[in-house]
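After this come two complexes, each holding chain A, first together with chain B and then together with chain C.
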Partner chain A sequence: MEDAPLLFAGLDVRFMVEIFPRMVQALLVTVQISALALLLGIVLGIPLGGLRVIGPRPLQLLIQGLVSYIRGTPQILHFLVVYFALPGVGILLDEYWTGVVALTVIAVGYEVEIVRAAIESVHKGQREAALAQGMTEPMAFWLILLPQATRRMLPALTNELINVIKASALLSVIAVNELTKVGNAIIYNTFYFVEVLLEVAVLYMLVIGALSWLSKYLENKVFSFGAALSTPETR
Partner chain B sequence: MDGGNSSEPVLLRIEHLHKRFGTTAALVDASLTVRRGERVVLIGSSGSGKSTLLRCINHLEVPDQGSIWLDGEFMGGRFAADGRWIQASSGELARQRRHIGMVFQSFNLFAHLSALDNVALGPQWILKRPKALARAQARQLLAKVHLAGHEHKLPAQLSGGQQQRVAIARALAMGPKLMLFDEPTSALDPRLTREVLEVMLELAREQTTMLVVTHELGFARQVADTVGFLEEGRIVEVGTPEQIFDRPQHPSTQAFLNCFSPGGL
Partner chain C sequence: MGEILPRLLRALATTIQISVLALLLGTVFGLLLGIARVIGPRLFYPVIDGYIFVVRSTPFALQVYAAFFLLPRAGIDLPLFVVGVLALLFNSVGYQIEIVRPALESVDKEQREAADSLGMTRWLAMWLVILPQAARRMVPPLTNELANLVKASSVLSVIAVYELTRAGHAIIASSYKFAEVLILVAALYFVTIQLLSWGAAYLERRIFTYRSGQPI
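So, the complex of A and B:
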C-alpha cells in the first residue's frame, strides 16, 4: 500500500488487483466443495429419487420424510448438525469435509425432488412399454425413464448447483477458506468494504453465469431428442 | 367356441376375470381361450373392457379375481402347496411378460432411442443377447415391417404408422408366444392404418398367435379365427367371424354391428 491508491469511481483498483489471486484461490475452494457436494448429491439423489417413485411404500415415505426435513429447515442447521452433532456419534470431520457433507445433505434434499419430478413427467406409456416387454422396474428406470428425465433435470440441477454454491458461503462460519470467509478476513484486516464485497460478488456471478450458460448449452446440443419428449403421444 | 385351429393346444386361458376401477366394473366374469396360432379379435364399444382385458393378461392391470394361464403357467403369481396365493415378485412378473408382446394404441416407442435401438434394447438387456446379434436381428425385424433404411431415426422423426410398425418389431424381437394388440390403428389415419394392418396380416399368415382389440371390422373378418364381442365388461358373444358378423345372436352384438352397416347412418 506504499504506492498512491489508483482510484476508479472511488474504488481502490490497485488493492482490488492485489487481492485478486487470493480471491480466485478462495473461489476455487468454493467451486471445489460445491461441485463435490453436487456430485455426491447426484450419486445419492438419483437412486433415492428413483426409489421415491418406484420403491416400496415404506421406503418412499422415509425418503419423503428426509426430504421434508432437509427442505423444511434452515440451511445453516445442516452445517451445525454436521459440525457439532456428528462428532457426538463418533464421526469427526475437518472443516473442509464438514462443508462437503453438509452441502451434500442440502443438495440431496432438493435433488431427490428434482429427480422425482423429472421421472414422473416422462409419459407413463414409456414405463408401461418397458414393463410389458419384460423389464423389471429398476431396468425400466435406468434404461428408459432416467435417460429421458435427464434432460428435464438439467436446468433444475444447474439451479441446484447455483444454490449449493450460494449456500457454501455459510461455510465461513466454520472457518473454511472459501470465498466469503476470505473476503471477510480481508475486510477485517483492511476495512476495504466496498472493494472486497464487489469483487466477491463479481466472482460469484461469473461462476454462476457460466453454469447457467453450460446448462442451456447441454439442454440444446447434447440431449437433442427433446422434440420426441414433448410429444410422446401420437403425431 | 374356438376357431380354426381347434386341434392346437390352448396357449392362453382366461377364466372368470373380474376387474373394477373404483365403482366401475371394467371386467365381469370374462373367460376366453386362445389356441396356439389362433387369431382372436375383440370388438365392442369404447369402454367395454377390451383394453382392460388385454392389460390384465400381462398384468399391467392386476385383476381383482379370476385366473390367467399362459402356456400352462399361472400369470402374476402361483398357489403354494397349502393353497395360499403367492403374488409374483416384480422379477417373476417381468420374466412372464417376456412371452407376451404388446402393441399399444399410442405406440409408446422409447422416445430417446432410434428405431433400431428400440427393437434391439429388449433382446440385448432382457434376453442378454450379444449386442451385435441383437442389432442384426433388429435390422431383420425392421426390414420385415418394411422399415429398412429407417434404422437410425428417432421416434419423433417417424410417422405414426412407421412408429407403430417399429413397435410391432420391438414386440416381436422378444420372440413372444402371444402378441397383444391394443387398438393399434386407432390413432392413425386410413392410409397409415393400412400399412400397419398389412404388417399384421403378414403376421397372421405366419400363424402368429394374436389377440387383437380393434375397431377395424374388415380386418377382423379377414384374419380372425375367432371374434369376441364385449359389452360393459362382459364377453357377451364369441364365434367365428361368419357367426358374429353375419348371424349375431345377442341383441347387443346386433345393435353394435348395425352401427357399421351401410344403412346404419
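So, the complex of A and C:
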C-alpha cells in the first residue's frame, strides 16, 4: 500500500508533504504564543515605559535596572527562572502559559525601551503645552504623549515580534509544542533529519521574512515623518 | 552558595572560551565575506545576502539543533564542545558580516579614489588603505558581538554543552536549590555581559573622540 518515496534532490518529498499539516499547526502555536507575549508585554510595557519617563526617580532607576537585567542575561535563563520560580511561589501553570509568561518577561524588557524611546521622540513642546493647559503630568502622558507615540512604536514592535518568535524556539526546552519542539519530536520518531529541519527553517523564514518586510515598510512608507525607532535584534 | 560557586565559575570559563573562539573564528570569516560583499564579484552578493537572511530569520536554537543532528549525519563526529562552537560560529558570521560591511563602507570614498589614482588595484587598496581605517570602527560593535555571543552560548545547553546554563541546570537537578543557583548564574552572566557592553561603549567613545580630533 505504501508508495515508493518521491525523491527530489535526495529529499523525501512525500514525507515532507505528509508532515506539513502538523508543522503548520505547530507554527500557529509559535505565532500565537509570541503574539500573546507581545501583547501582554505592551500592557505591561506602556505603564512601565511611562513611569520610566515621568515617574519618580527611584522608580525610574528600578525599571531601568529591571530592563538591564532582562536584556543583560540570556533568554533561556528567564525561562528557567519562570519555570522553577512560579511553582515555587505557588503559581501552577501548564507548559503553554509558562511559556507565555517567560516570553512576556523577555518582551517587556525590550518594549519598555521601545515605549520610552517613542515617548521621548514626541516633541517636548507637546508636553509643555499640555501642562500649560492645566493638565497634570499623568494626564498629559495619557492624552497627549501616548497617542502620538503609539504610531511610532509600530515598526519597532514588529521587530520585537520577530525577536519573540525567535526566542519562542527555546520553549522547546520546557516542552511547549511549538515549531522547533514538534520538528525535533518528528526527527526522533522518524530520523528524517534534513527534511524536517529544512521545513522548520523555511516556515520560520517565511514568517520572519514577512514580518521584517512589514517592519521596513512601516518604517519607510507609513512613518517616514517620524523619528525612526530601532529595536536591537536578538537571536 | 559558596559551595557551588567554583563549579559555576569553571562553567563560566567554558562559556567565555566558547564565545571568544566563535568571535575570533567568526571575525576571520566575517572579514572575508564582508570584503567579498563590498568589492567581490557581484555573483557572490545574493549568496552572501541569502546566508545572512537564513541566519537572521531562523531561531538560534534551531541552528544549534541543526548542527547537532546534521553533522553526525554527514559522518562528521565531533565533541559537543566543537559542535557548539561551530553552531555559534555559523550564527555569529551572519551578524559579523553586517558589522564589517558598514565599517568598510563608512571609509570616505576619496580614500579609495586616492588609492586608485596611485595605481593600486581594488584589492590592494582594500588591504592597505580601507581595511586599516575600517578595522578600528569594527572594534566597538565586535565587543558588543562578544556580549551577544555570551548570551547566545546559553542556548548550547540544549545539546548538553557543559557551559554556565547547563551547569546551573545540572546543579538544580541534583540539589533542588533552584533559587540560589539561578541567582548565581544570572549574576555571573549579568556581570560578564555588562562589563563587555561597558567596554564596547567605552571603546566607541574613545574611537569617536579620536576621529573628531583628526584634521579634516
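Criterion: the second predicted complex is superposed on the first by the 209 of 235 C-alpha atoms of A that agree within 3 Å, B and C clash if a C-alpha of one lies under 4 Å from a C-alpha of the other, contacts with A are read in each partner's own complex, and residues count from 1 in each chain.
We adopt the following convention: contacts are C-beta pairs under 8 Å (C-beta built on N, C-alpha and C of every residue); 3 or more make two chains touch, one makes a residue touch a chain.
Here the structure is a predicted model, which is why all the values come from computation and not from measurement.
Participant: On chain A, which partner touches more residues: chain B or chain C?
Facilitator: Answer, by number of touched residues of chain A: C.
Participant: So, does A:147 touch the first partner chain B, the second partner chain C, both, or neither?
Facilitator: first
Participant: Figure out whether A:128 sits in contact with chain B (first) or chain C (second), or with both, or with neither.
Facilitator: Only chain B is touched by A:128; chain C is not.
Participant: Would you sort A:21 into first (chain B), second (chain C), both or neither based on which partner it touches?
Facilitator: After superposing on A, A:21 lies clear of both chain B and chain C.
Participant: In the superposed arrangement, which partner chain does A:58 touch: chain B (first), chain C (second), both, or neither?
Facilitator: neither
Participant: Name the contact category of A:137: first (chain B only), second (chain C only), both, or neither.
Facilitator: first
Participant: Answer with first, second, both or neither: which of chain B and chain C does A:10 touch in the superposed model?
Facilitator: It touches nothing on chain B or chain C.
Participant: In the superposed arrangement, which partner chain does A:90 touch: chain B (first), chain C (second), both, or neither?
Facilitator: neither
Participant: Show me the chain A residues, by the header's touch rule, that chain B contacts in one structure and chain C contacts in the other.
Facilitator: Common interface on chain A, chain B vs chain C: 233-235.
Participant: Any idea which chain C residues touch chain A in the complex?
Facilitator: 53-54, 56-62, 65-66, 69-70, 73, 91, 148, 150-155, 157-158, 165, 168-169, 172, 178-179, 182, 185-186, 189-190, 193-194, 197
Participant: So in the complex, the part of chain A that touches chain C is made up of which residues?
Facilitator: Contacts found on chain A: 68-69, 72-77, 80-81, 84-85, 88, 162, 165-170, 172-173, 180, 183-184, 187, 193-194, 197, 200-201, 204-205, 208-209, 212, 233-235.
Participant: Any idea which chain A residues touch chain B in the complex?
Facilitator: Chain A residues touching chain B: 123, 125-126, 128-137, 139, 143-144, 147-148, 225, 227-229, 231-235.
Participant: Any idea which chain B residues touch chain A in the complex?
Facilitator: Answer in residue numbers: 58, 60, 90-91, 94-95, 97-98, 100-102, 104, 106-112, 121-122, 125-126, 154-156, 159-160, 163, 167, 170-171, 174, 187-188.
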